[in-house]
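First chain written, first letter: the chains are A, B and C, and each begins at residue 1.
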Amino acid sequence: MTAAPARGVGRRDWSTWPNYQAAAAGFRGYWYPVGWSSEIRGRPVAVMLCGEKIALVRDAGTVYALHDRCPHRGVPLSLGNQQFPGTLSCPYHGWTFDLPTGRLAAVITDGPASPICGKVTVGTYAVAERLGMVWVYVPAADEPAPPIDAQLPEELVGTSFVLGGRMQRRDGNWRFAAENGYDEGHAKYLHRTSLWRLFKSMPVWNETHIVRRGRWIYRVQDAQHWHADFPGLGRWTSHRWWKVNRPPAEGTHVSNVGNTGGTSRVDPVIAAQDFPGFASIAMPGVLRIAYPRFIHYEFYVPVDERRHRYVGVMVNFGGTGAAAWFWCKYLAAIRWLFHGDFSAQDAWMVDVTDAPPERLYRPDVSLTEWRRLCEDVVAGKMEPTGRPAVAGPRSHALARFRRTQVHRVRP
Amino acid sequence: MTAAPARGVGRRDWSTWPNYQAAAAGFRGYWYPVGWSSEIRGRPVAVMLCGEKIALVRDAGTVYALHDRCPHRGVPLSLGNQQFPGTLSCPYHGWTFDLPTGRLAAVITDGPASPICGKVTVGTYAVAERLGMVWVYVPAADEPAPPIDAQLPEELVGTSFVLGGRMQRRDGNWRFAAENGYDEGHAKYLHRTSLWRLFKSMPVWNETHIVRRGRWIYRVQDAQHWHADFPGLGRWTSHRWWKVNRPPAEGTHVSNVGNTGGTSRVDPVIAAQDFPGFASIAMPGVLRIAYPRFIHYEFYVPVDERRHRYVGVMVNFGGTGAAAWFWCKYLAAIRWLFHGDFSAQDAWMVDVTDAPPERLYRPDVSLTEWRRLCEDVVAGKMEPTGRPAVAGPRSHALARFRRTQVHRVRP
Amino acid sequence: MTAAPARGVGRRDWSTWPNYQAAAAGFRGYWYPVGWSSEIRGRPVAVMLCGEKIALVRDAGTVYALHDRCPHRGVPLSLGNQQFPGTLSCPYHGWTFDLPTGRLAAVITDGPASPICGKVTVGTYAVAERLGMVWVYVPAADEPAPPIDAQLPEELVGTSFVLGGRMQRRDGNWRFAAENGYDEGHAKYLHRTSLWRLFKSMPVWNETHIVRRGRWIYRVQDAQHWHADFPGLGRWTSHRWWKVNRPPAEGTHVSNVGNTGGTSRVDPVIAAQDFPGFASIAMPGVLRIAYPRFIHYEFYVPVDERRHRYVGVMVNFGGTGAAAWFWCKYLAAIRWLFHGDFSAQDAWMVDVTDAPPERLYRPDVSLTEWRRLCEDVVAGKMEPTGRPAVAGPRSHALARFRRTQVHRVRP
């Protein structure tokens, strides 16, 4: 036995995907969710997004976002409050900024004729509210914000649904979170011990390929293997006697809606999407996992180079009855088991991932295709966002439990 | 709405004031208070001052200061103790240093004939005790320490008074603390919610100018405005119905002793100073706020580039009766309300100030004049200290409450 | 008094001993103890040694050590577990490594025919178990590990003994710990207040010289002085009335077994070693203090440049009766007083030592000779390890108390 550097280490950097490599603090030119709508009220809230400090405040029903630094002496504006409608005042000297424009509208401690008014402006950010959340646009340069609905998953625009979700600030770069989310390989192994899968077997390995459609890439499952004999080592399966939801016989037709091989009837809205595969991802880090009766989304929101915000959302498109039933199910189980325990396993791995260097293997085609998607979008080789929205949705909060929420959305 | 860098950001550095810019760890060539006299006893105490580690110890009534690093192996001498009168021994190997000179007087573990004795010396600092505090001189080069009394506020030398004060180590560069202290603009706005001002209105804005006299600059109030109408926004005042100490009518004579427009009889010692303005500041960061019956001082003592020591002192020049009354008032109220709650608002802002870049406004003439004062003193264009002291004061501690103290000083 | 840089500062770096200076993270090419054998079981344990991350795991009775980083995505293998005998699997995607060779034996999530198997290898480390501890060899290059017995203190190979010990991860570079351990000067002064010395006087200063024999250097005591008169300061002694173990008369014969001047009968195994001096040290940081009835060893194990692992071991070579008595004595007293309170004083000083620069004195010949020993060994001027072992020892754990342990070892 001798200690030696690992052989076959593989890629030492991500220079194959230069734009992806450069996006440590996130891709600019996109909308990102930064908080639940119900959390942003009249008292300013500080968030960090793509490494930028932002102060959010709600005024007369509308949420505004300012660069969170008073130009006078660098004090965060989010520590201040509102002295006049439509404005935000710095706590130190009462510099008062117009919320829509960021223009210095008054300096309380310099009187009504303060000569500095109108000569100073803080940066502002475009803000929208969708899915019960506040979204902020991080511009690439000085461009105006494009319509947010063109960036949302298409099936969430102009449709009616109920959603439950969880937000959590987590350690680790947003790209590790996105790669973990779309990663074909880990789920079956890492999550085999999660409570969410307590009664369900997971495959040992799958045969998959990736297809592109529009701005999404889809993972298509060609075959699933529920046990395997490893040469020289022995047989391996994640099936256990208590997992009553037994694996199908080898060679059974592989469903691409849901990843458990179940045969539930598929919700008509979900069926209408005709997804080529059950797992899909799009810029700037939006994951979509289609189950027969609901869709699970994850948004990986860059905080800075070391941290990200996990936003997990589960959506049910059923009518009022189905929605009420989903509502109960989400609050009683999904948010603890799936958005809690299951997702915490991902958070654990994202936190300890340390790449490059990295040595990729066959299932990592999902990672490399995702990186290639990012490169192609940045290079202008494909459409960055979806079809324009039919109509803006109306959102209504049904309940709120700490960091998890349930919302009813109608078109 | 588009996100853009703040317009009109102003100064990107302090190169207009090069000596000030370079003094991140404090101005050298000055005396600084580092602790209450009663706290420095026979057991060594470690302090950091202008980025230097200093060990303080009292021997036979006199306080000594050594560079807090044993030259042998770098162990802090402040971890040691006294094995012989007039010396301090390192805890590791018993290297024993003469307190007045810093000379290595003995090495216990090398016997009486240790050949290294007399060949090694640690740096020493000049020490004085004034106002119930221990002061240390930080030399600019190798110069001997000048008399400390020439650096103290003139009215504190040769007079009799009682004082109460508080020391606190705080985050933030000492210059932010000094600028906050002398800053014309913030007090009326930031402190309007302090308990110290619970029953007193504060002006909205003032008209002021700065005058120099001797080594001090004074802020002279030309007009005070207690409410103001801001175009397009509305009327603003800090007056509230419960503030029984009502603002004077607009256009009333503006007092420059006290900043509340009160009409109390002025203490004869204070009146004799004939201060041009109620707020003054001098190198190396000494603030003086003159009230009718007492004077409040703040010393901003550099710890290192990121931290400072706040020393707030309130002085009453009255006779024994007035002093006793002041003594009660300080312990019962002033130290909680003024040196506590009110000053904590300053500590909060000093901690979050992040400049340059900065964009100064009209009232910041107090800041720029203070910076110009520092430049002129360093450039030798004006006298650095005051008149020589008439006689050294005698100090007597009346009481001690954690970090606050009350002292009686007689000439 | 003026503040000035310390005069006579001495060496500003360790360039006199270039290999020693370069060994901030430890000397490579040596075996190091990393944990108690009983602590390394089937669940992987992460350790850091010489700045390298290592995963330890026991399989079928044998301990294996792998580089603690999965080449796939950088996740620590020590977070994983065993899915097949003789292997360790990464928790993220089930990459499964052969323990003896580090070869990638299977990738569970890529099925039995995964093309990557056999193409990737993680580094392994040679492992041995001696003295109830797990030892890991840190190679200098790619060389195979030499026999560990040739590196152990000679008297611990092929003999029968009982040992008690303590391991503790401590702050401070391993060289400060080694220098502190062998340092002639500090013990008498720093430890005079330890409980271990409560009833025993310590000398004030000694006259010593260093001799080399084989791969060890020995400190030989020529004279001990139990009190001393320091010119201009006075008399000093660590003797106190309650120290019933009184110092011998000045000029008494100095024993080089035991450092307290006692006259106990010397254990035959210890006597047979004929140690030139009671304190000796060898590469890569092994201290040996010979007492009449037992030997105390300290191993200074580099964790990284800032931290080390202290391993203190006390060994008794007596027969079963003596061993049982030593066993009681260790658990009842030695581990609290010597490996606890006494050793904590060393840990305190090692943590605050900050050199170079340093100014050495006469007793520091022990330090400079230790550094010279390291240079000579690295330069190949002397034998790096001892005679080959007669036979591998068998170890048997008698008891286990948190981080302290007692072991019985037979040849």
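In this text, a contact is a pair of C-beta atoms (placed from the backbone, for glycine too) under 8 Å apart; a residue touches a chain by one contact, two chains touch by 3 or more.
Nothing here was measured: the structure is a model prediction, and the numbers come from that model.
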By the document's touch definition, which label belongs to this structure's chain graph: line, ring, star, complete, or other? complete
In degrees and to the nearest 5, what turn takes the CA positions of subunit A onto those of subunit B? 120
Same or different residue numbers at the subunit B/subunit C copy interface, by half rule: different
In whole angstrom, what separates the CA-based centres of subunit B and subunit C? 50
Residues of subunit B that touch at least two other chains are none
Which residues, counting only subunit C, touch subunit B once they are in their complex? 1-10, 183, 185-186, 188-190, 204-205, 225, 228-234, 236, 349, 352-355, 357-363
Please give the residue numbers of subunit A that touch subunit B in the complex, ascending. 67, 69, 71-76, 79, 83-84, 87, 91-96, 100-102, 105-112, 114-116, 119-127, 137-139, 142-145
